[in-house]
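You will see chain A twice below: alongside chain B first, and alongside chain C after that.
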Partner chain A sequence: MLTMVAQAKRASALFERNVVVYKRLPWNIVSGFFEPVLYLFSIGIGVGALVSGTFTVDGEPMSYALFVAPAMMAQSAMSGAMIESAFNLFGKMRYQKLYDAFLATPVGPNEIAWGELSFALARGGAYSAAFLVVMAVMDLTTSWWAVLALPGALLIGLAFGGLGMAIATFLRSWQDFDYVTGIMYVMFLFSGTFAPIALFPAWAQWLVQVTPLYHGVELLRGLTTGQVGPGLIGHAVYLAALAAIGLTIASRRMGKLLLK
Partner chain B sequence: MRAWACYHYELIGYRRTWKGSVFSQFIVPVLFMLSIGLGVGTYVDRGGALGAVDYVSYLAPGLLVSTAMQLAVGESTFPVFSNFEWSRYYYAMQATPVRVRDVLGGLLGFLLTRVLVGAGAFLLVMAVFGAVHSPWLLGTLPVAGLVGLACAGPAIAFAARVTSAANFSLMFRFVLIPLSLFSGVFFPVERLPGWLEPLAYVSPLWHAVELSRQFAFGAFTNAASWHAAYLLVWLVAGWFLAHSSFTRRLQK
Partner chain C sequence: MALITARGLQKRFGDLTAVKGIDVQVEPGEAFGFLGPNGAGKSSTMKMIGCVSPRTAGELSILGLDPATHAAEIKARLGVVPQTDNLDVELSVLENLTVYARFFGISRAEARRRALELLEFVQLTERANDRVEPLSGGMKRRLTIARALINEPEIVLLDEPTTGLDPQARHLVWERLFRLKQRGVTLVLTTHYMDEAEQLCDRLVVMDGGKIVAEGSPRELIERHSTREVVELRFSLNEMDELGSIAEKLDGIAQRIETLPDRLLLYAADGDAAIAEVHARGVVPASVLARRSTLEDVFLHITGRTLVD
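Right, the complex of A and B next:
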């Protein structure tokens, strides 16, 4: 127990370091909140007006903004976690050599991983909470289940945080990140975000269902629209499993890379 | 001749980095056509909110010029900043007979080349999507070039003035993304809230979208020449702004 407290304390040193750095760049933190909101207004509301009355999900008419909003929330949880745990972690590890400095103190590789992950979750969680408030104010949450969208978003953050960290330990250069950005973009556009995947051909539907963002979108959409069923548990389990796998790989690889 | 040398310099650099640009320049607009154009468009067309025009045909000419703007602005940020702050190539160039206007001319020429190649490829994509309705469509190419250069000028000026690269992510989030989302690419600006609508008319991208759409359908209104004139004003003003910012930075 005492060692765990000590470990948590050491991990929090990483967290504190990030807070100090971002205090000097407040707008970089604040601006991250706006992107999903802008998409919500443009595509959700703007284009939504063009499809009003004709938009249906599984044959049922639905407000398009109601459909898009949880998807934007899931997307922002994904990108928030990926930015911190994959891109920033890679930069700190490879170029800034920040962790080498940390390792000269009592902080170990696992604590570095936990510290960064908890900061990524805190950052992503703040965006998700703010976005949820925007949705509630705009009347885009139709049930009290929507409150659970916040832990849902944190689960998405955890899944992508673990995945991102694991990926960051395998990549060699910033150029390799082009592939990561590319895959994230494809997921952003096709995970049932802007149109139900029922429109896609069968092979594409199958492919989408394998990818993580789809499960995040479906989970949050079920909660914010109050269409809660056992399927949601499946989505949550998928994300939790991804988080567990990602974090296991990440913590092994971090130890190897940092202590060599 | 000296501007040509600068143009050549840009091309040589691009020969090493072009692979990374393929995705953002050629593939992203196609993905948008699929996801928003075909996906969301299915529902737009069902209700006939745009009259006789199908959504893919409505979206494509807007996406064409929006991609042109994003490409030109994107290439005017980090690469320009890097040449001032990291590699400092611009200072090296200053030690040669090259003048600021040569550097700028070479850069804008390079951006124009990139935009035209990208836009040309996108026209082929439009043909595949059945979004070609008039031979006037070819006129969207100069529109793409014009809006690219018109927006590149102020972006270059910005890159020459800032002291930290962190400013670019703010510019993308607070200027570039809102511009691309609310300039009539995805939905008509008349549907914006009243207080926001006049802002869209200031946006150079909106004028380019309108002009591009008129070319795509081969149906012109009296406003067409005003749109072009507005973009030209941005182009000229942007040039002078970029020129003075460049000169100032190089004296530091």
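Right, the complex of A and C next:
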């Protein structure tokens, strides 16, 4: 128990370090909030006006903005967590050699992983909360279940944060990140974000259902629209499992990479 | 009790054995040096002592604790100056110290107090709020040293502390390290600068190819592996090819004569007497220099003159 408190304290030192850095870069932080909001306005509202009255989900007519908003929230939780955990972690580990400096202190690789992840979650969580408020103000939340979209977004962050860290330990150069951003972009386009996947051919539906963002989108959409059913638990379990696997791999790999 | 004890310490990376079973003991208050050419295993040894590289075999005890099981406890009492500066470029000079202190669980107020004191110590007070990037190499080095002292360590590990610094910067670093030593801090350093070892180390080991090949104080090593003085004889260009036969002619003048591509080195107790004898045998060098033996002579004698890359 005492060692766990000590470990948490050391992980929080890394969290503090990131706070000090970003205090100096306020625009870096604020800009992350605008991305999903801009998508919501351009596509949710703009495209939404074009398809008004003809857009249906499972045969039921639905406002397009209502459909797209939770997807944008899920996408922003994903990209926020990936940028912080995969890209920033890789840079600090390979180029700045920053972790080598931290490892000379009582901090260990696991505590570094937890410190970075908790910062990524806090940052992502703040965006998600702000976005949820925007949605509520625009009348895009139709149920009190929407309150649970915030922990839902944190779960997405945890899943992609773990995945991102695990990926970062395998990549060799910045060029490799092109694959990562490429896959993220494809997920962003086809995870039931802009159109229900029921419109896709069966093989594509199956493929989408294997990828993680789809489960994040469905989870948040269920909560913000109040379409709550047992299926949501399945999505949450998928994300939790991904987080657990990602973090296990990441902590093993980081230990190996950092303590040679 | 010794602060660091290693017995049969080994480090392997795949097929490569970087450290091939070394025995080392460092006493409290000592300045202890690892000398050796590149690839001798110095840095690998330092990393094992710094608890950031698990040992492959052998025993290692630091402050009476085993790094395999008590890394955090040991690291809390160590200061580390790595070979390449790994300062946090996203933080200011002062923040580099205060943020680092938090990793040791030092309170914010105490961290600030210590940081300001340490900036004074390494003469960086005026740069406290500057970014790290524009600092000169010497300043970055001093800041790294200050950072290593933030937890008031009992042992400071310095991996090539002055490599790449200009002479002024080197002397300032040496002077600060000497002050630390006077305060009773134990210093463990690696270097391939012999003058650095002579200036700072009470005792040192020479490493070559992962093994310890000599051990002692700088004075002892010079006495054991070299002569009191060395005479350097240089010759004109057209005599360069005949250095071997000239050396034969000088046989017996010195304890040892070394033939280099461009000069002869005479290892002798009395340099002036040796020079007189050189002239008496009718050898006329283009230039003559008699000097005291240095650790460099010892080092090159033990580890050889072949270039190691």
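The criterion applied here is as follows: the second predicted complex is superposed on the first by the 260 of 260 C-alpha atoms of A that agree within 3 Å, B and C clash if a C-alpha of one lies under 4 Å from a C-alpha of the other, contacts with A are read in each partner's own complex, and residues count from 1 in each chain.
In this section, contacts are C-beta pairs under 8 Å (C-beta built on N, C-alpha and C of every residue); 3 or more make two chains touch, one makes a residue touch a chain.
Keep in mind the model is a prediction, meaning the values are calculated, not measured.
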Which superposed partner A:221 touches (first chain B, second chain C, both, neither): neither
Touching partner for A:34 - first (chain B), second (chain C), both, neither: first
Touching partner for A:182 - first (chain B), second (chain C), both, neither: first
Touching partner for A:195 - first (chain B), second (chain C), both, neither: first
Which of chain B and chain C A:53 touches, first, second, both or neither: first
Chain B versus chain C as contact partner of A:42, first or second or both or neither: first
More chain A residues in contact - chain B or chain C: B
Residues on chain A lying within both footprints (that of chain B and that of chain C): none
Chain A contact footprint on chain C (complex, rising order): 13, 47, 50, 52-54, 71-73, 75-76, 78, 80, 82, 84, 86-91, 95, 99-100, 102-105, 147-148, 151
Complex interface listing, chain A residues touching chain C: 6, 9-10, 13-14, 16-17, 20-21, 24, 96-98, 100-108, 258-260
Residues of chain B that touch chain A when the two form their complex: 20, 23, 27-28, 31-32, 34-36, 38-40, 42-44, 46-47, 49-50, 55, 166, 169-170, 173-174, 177-178, 181-182, 186-187, 191-192
Sites on chain A touched by chain B in the complex: 25, 27-28, 31-32, 34-35, 38-39, 41-43, 46-47, 49-56, 64, 175, 178, 181-182, 185-186, 189-190, 193-195, 199
